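Listed after this line are the structures, all set down as structure tokens.
The two complexes that follow have chain A in common; it is paired with chain B in the first and with chain C in the second.
And then the complex of A and B:
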């Protein structure tokens, strides 16, 4: 199913879609672009190649309730988590879509599946948006991702000649386009041919990297690589393929809540045991864990490297310590960009 | 390609080389180029070959003094390249007893102000292939020809309002001093916030802080955040909840800012490090302004001997210790 809509009519489309359920899309929030729920007056920014934070929180919210409870004397009332409403996530770029597929392997394609993630994923229609202009930090070409195309999305959208072209890829996608039928025109005469968009090419040698890293846990290169790390969690929180969480209880006399929230392997408390022992006592062990997870452990379990070249760690690490540097350290020759 | 003043780099390399190869220090903290011409990242140089990578250009914004907290555990004596803010950061660590003066050689680098690549891209309308600099102007090299902009206009926020670009502490000053800068607008955003009604001000911070990911980059990059254990991580009692509630975000940022009262050296590393651009300097500068107004002008980190207002006790303190 192929449809087309003129760009100036997009505000009507947003309004119509949000009347049917929450719609999340890239919104200009002061100096940054973030995925946010549409509301009247929101400044939509479809030009931004990458949002500051990936859309993973649509499926793995920063904070998510398992259940709440209320106490009345000795009586305990358990309140289940709120039901997840069907939502639309609009404007996911191909790298971020590939990242969601990597998260699916962890959260859905396992037995048992993670119910909270699964419900959100199933209830969300994902509209991918192909890239026209890569960000200077993008390097998805190194991961064989074509930023101009997004196979696998419920709907793939392209911005072309003042119009938005929409092609449904799944039944969910078809349903969405049908919902907005009144605003969309037939797009069968339009060219949906994906173009080619070139991102930075670091010339990373990824083949054999996971295998190679297997024997390099004690490599002295780690002693050097970690040194500039400040020990903050930026890289993990802006990474679309990082997915760790912590389970916490919050309680007071009248009730409480069990929830999970994002956590980061860059933090000391992440591996701290009762009694105080910490198997990853310092920045070196934590940096090694993060890069080994992306480049060795994940590929060993799921068959592919857990990086999509979105470039957020290249942009946001306060000291420019990023995954490209790690791959360069362990993956042989590369091309410098300056 | 970012144009570099090779003469300056040579002076710096020669100075640190003597001390490093002569065995006076076992490591030098400096900068090397990153993946892109607009990035210079920390360099931990221990050999002559390492020193070949050493650079000094308009992208060396990262404050190196903080690394001393870790590096002095492994090294008897370390050399550090310090800009104005880095030197104040060093004094901060010194006053907090986190470093020992005799373990460090400071090489002073008067700083012209570091450039913000986002502003360069914006001015050029695309990613320039490089820049050149000439006497207060930056020349952006683009496909459509060169474009000249005023240097002041493309500097990092943290450098725009810098008053002390010359290092206040050093063992060797390597380049010629810049002289004190006028920063008339330093407290302007604070004054605007002060003029707001309380509700409006609360709404402003509520919105700004709602973006916080609690990645703690602001804390980790900060020279006054040198506590061995931060209140955020303390389990008993648990001061800071992990939930992403507005109240938890306020808790973190306000406690952190207050903890820096009279201690924040105004280097702006917190704000530069924030991945979602929260205007943290406004919080810090509010407290700097308050200290100036309540205790007289005080610039943290400028003089390691001067007593910080809130870390001093006097028996004749005009305010009573406790009042009922």
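And then the complex of A and C:
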């Protein structure tokens, strides 16, 4: 199903979709663009290359209360949170869509599925938006992602000649386009052929990298690589493929809630045990964990590198200790077996 | 169809509490209708006491005990501390079971050597009890158990009386230093294991205890010519989810909560030594 809408009519489309459920899309907030729920007057920015924070928030919220508890005398009552309502996520770029698919492998395909994530994923219709111009930090081409296309989305959208072209790829996508059919025109005569967009070439050698890294846990390169790290954790918060979380209670003895929230392997408390022992006590161990997980551990389990080249860690790291540097340090070189 | 959030605990009730040592208590816990879930020796459960949260503990009882689950818990942190102040009849949250458990089928027909230190007897106790309940499946059983002092040995009555009385079973107790009225061995567990001179033929060694003890027990077993596939241990790491998602117990390609906590030394040698 192919549809088209003139750009000046988009505000009507946002309004119409919002009337049916929460609609999240890239909104300009001062100097940054973030995925936010649409409201009247929101400054939508479909031109932005990448939002400051990836849309993983929609499926793995940065905070999510999943139960209430009440204690009375010796009794404990557990009250599960209500199920989330269907939503539309509009304007996800191909790199971020690929990242969500990487999370799906852990949160849905790997037994047992994480129901909180799975329900949000099932209840969300994802409209991907192809990129026309990557920024200097984008390197998704390295991961066989064409920013001009987004196979796998419920709807793929392209900005072209003052219009937004929309093509449904799934039943959920068709349903969405039907819901807005009063505003959409038939797009069957339009060309939806994605072009090709070239992203930055950092000279990364990815072939064989996971296998190569297997023998480099004790490599002396780690002794240097971590040194500039401040341990701020921003890389993990802005990374679309980072998915670690914490679980905590908030409340008092009579009642309260249990929630989970994003956490970061860059922090010392992350692995610190009750007795005080910490298997990853310093920044070296934590930097190694993060890069090894993306480049070796995840690929060993799921067959692909857990990076999509979105460039957020390049833009955000205050000391430029990003994944490109890690890949350049370890990529493509032959290992001397010890 | 409504699906189930694996992070949601179910209610469990404390039946009774046994004070094992000054800082270890054993809680007997029952679900709404008997056992909260089926499990295998070596598996763990997440216990919760709001508002202090959740922590993971190995199940100390054997699945052959159908009345309740037992947890021998050392008071070392926030949740374990709160679990030390529960009273009979109090409800707590429980979810599980988590982890792979001990390879009870692969161990059939073998002689077993259990080596425990301090609270490390907790997960071993589930397996030891299971083996006694399936006595014909296993060969000779040796149990080496040690602690800092006689007062720090857990389940003393059971260890000294019932286990020592089991057929084809030897119990070897040791404490770190001389104590009045102590007639057992004096010395560290790894040294005692070496002194006892166990032969590796047709034997599986299963060990759990403080990391420093495990380290030297592994060296002792190596000296006694046990091969890495004959040695089994169970790891302890910080965990939040128990289902291989939250990331804390990630070790190379495995998550200790779901792929462990039980590993052979051979498997462990292939993983980053970050535990």
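Please note the rule applied: the second predicted complex is superposed on the first by the 320 of 338 C-alpha atoms of A that agree within 3 Å, B and C clash if a C-alpha of one lies under 4 Å from a C-alpha of the other, contacts with A are read in each partner's own complex, and residues count from 1 in each chain.
To be clear about the criterion, a residue touches a chain if its C-beta (ideal position, glycine included) is under 8 Å from a C-beta of that chain, and two chains touch if they have at least 3 such contacts.
Source: prediction; values computed, not measured.
Undergrad: Is this a clash or a fit when chain B and chain C both end up on chain A?
TA: Aligned through their shared chain, the two binders fit side by side on chain A.
Undergrad: Considering only the touch criterion stated at the top, classify A:324 as touching first (chain B), second (chain C), both, or neither.
TA: After superposing on A, A:324 lies in contact with chain B but is clear of chain C.
Undergrad: Between chain B and chain C, whom does A:192 touch in the aligned arrangement: first, second, both, or neither?
TA: A:192: touches no partner chain.
Undergrad: Where does A:314 make contact in the superposed view: on chain B (first), on chain C (second), on both, or on neither?
TA: After superposing on A, A:314 lies in contact with chain B but is clear of chain C.
Undergrad: Check the residue A:250 against both partner chains and state whether it touches chain B (first), chain C (second), both, or neither.
TA: It touches chain B and chain C both.
Undergrad: Quick check for you: in the superposed arrangement, does A:232 touch first (chain B), second (chain C), both or neither?
TA: First partner only.
Undergrad: With the two structures laid over each other on chain A, which partner does A:143 touch: chain B (first), chain C (second), both, or neither?
TA: It touches nothing on chain B or chain C.
Undergrad: Quick check for you: in the superposed arrangement, does A:29 touch first (chain B), second (chain C), both or neither?
TA: first
Undergrad: How far apart, in whole Å, are the nearest Cα atoms of chain B and chain C in the superposition?
TA: Minimum C-alpha separation, chain B to chain C: 9 Å.
Undergrad: Go through chain A and flag every residue that touches chain B in one model and chain C in the other.
TA: Common interface on chain A, chain B vs chain C: 246, 248, 250, 263.
Undergrad: Chain C touches which residues of chain A in the complex?
TA: Contacts found on chain A: 66-67, 69, 71, 74-78, 80, 83, 106-107, 110, 112, 114-116, 118-119, 217, 243-253, 256, 258, 260, 263, 265, 270-275, 277, 279-280, 285, 289, 292-293, 296-297, 300-301.
Undergrad: Okay, in this complex, where on chain C does chain A touch?
TA: Against chain A, the touching part of chain C is residues 2-11, 48, 50-55, 76-80, 87, 89-93, 211, 236-238, 240-241, 243-248, 250, 252-253, 272, 274-275.
Undergrad: Write out the stretch or stretches of chain B touching chain A in their complex.
TA: 1-2, 33-37, 39-42, 44, 62, 66-67, 70, 121, 127, 208, 211, 213-217, 219-221, 233, 241-245, 269, 272-273, 275-277
Undergrad: Can you list the residues on chain A that touch chain B in the complex?
TA: Residues in contact with chain B: 29-32, 34, 52-53, 62-63, 136, 202, 224, 227-228, 230-234, 236-238, 246, 248, 250, 259, 261-264, 267-269, 283, 314, 316, 318-322, 324-325, 336-338.
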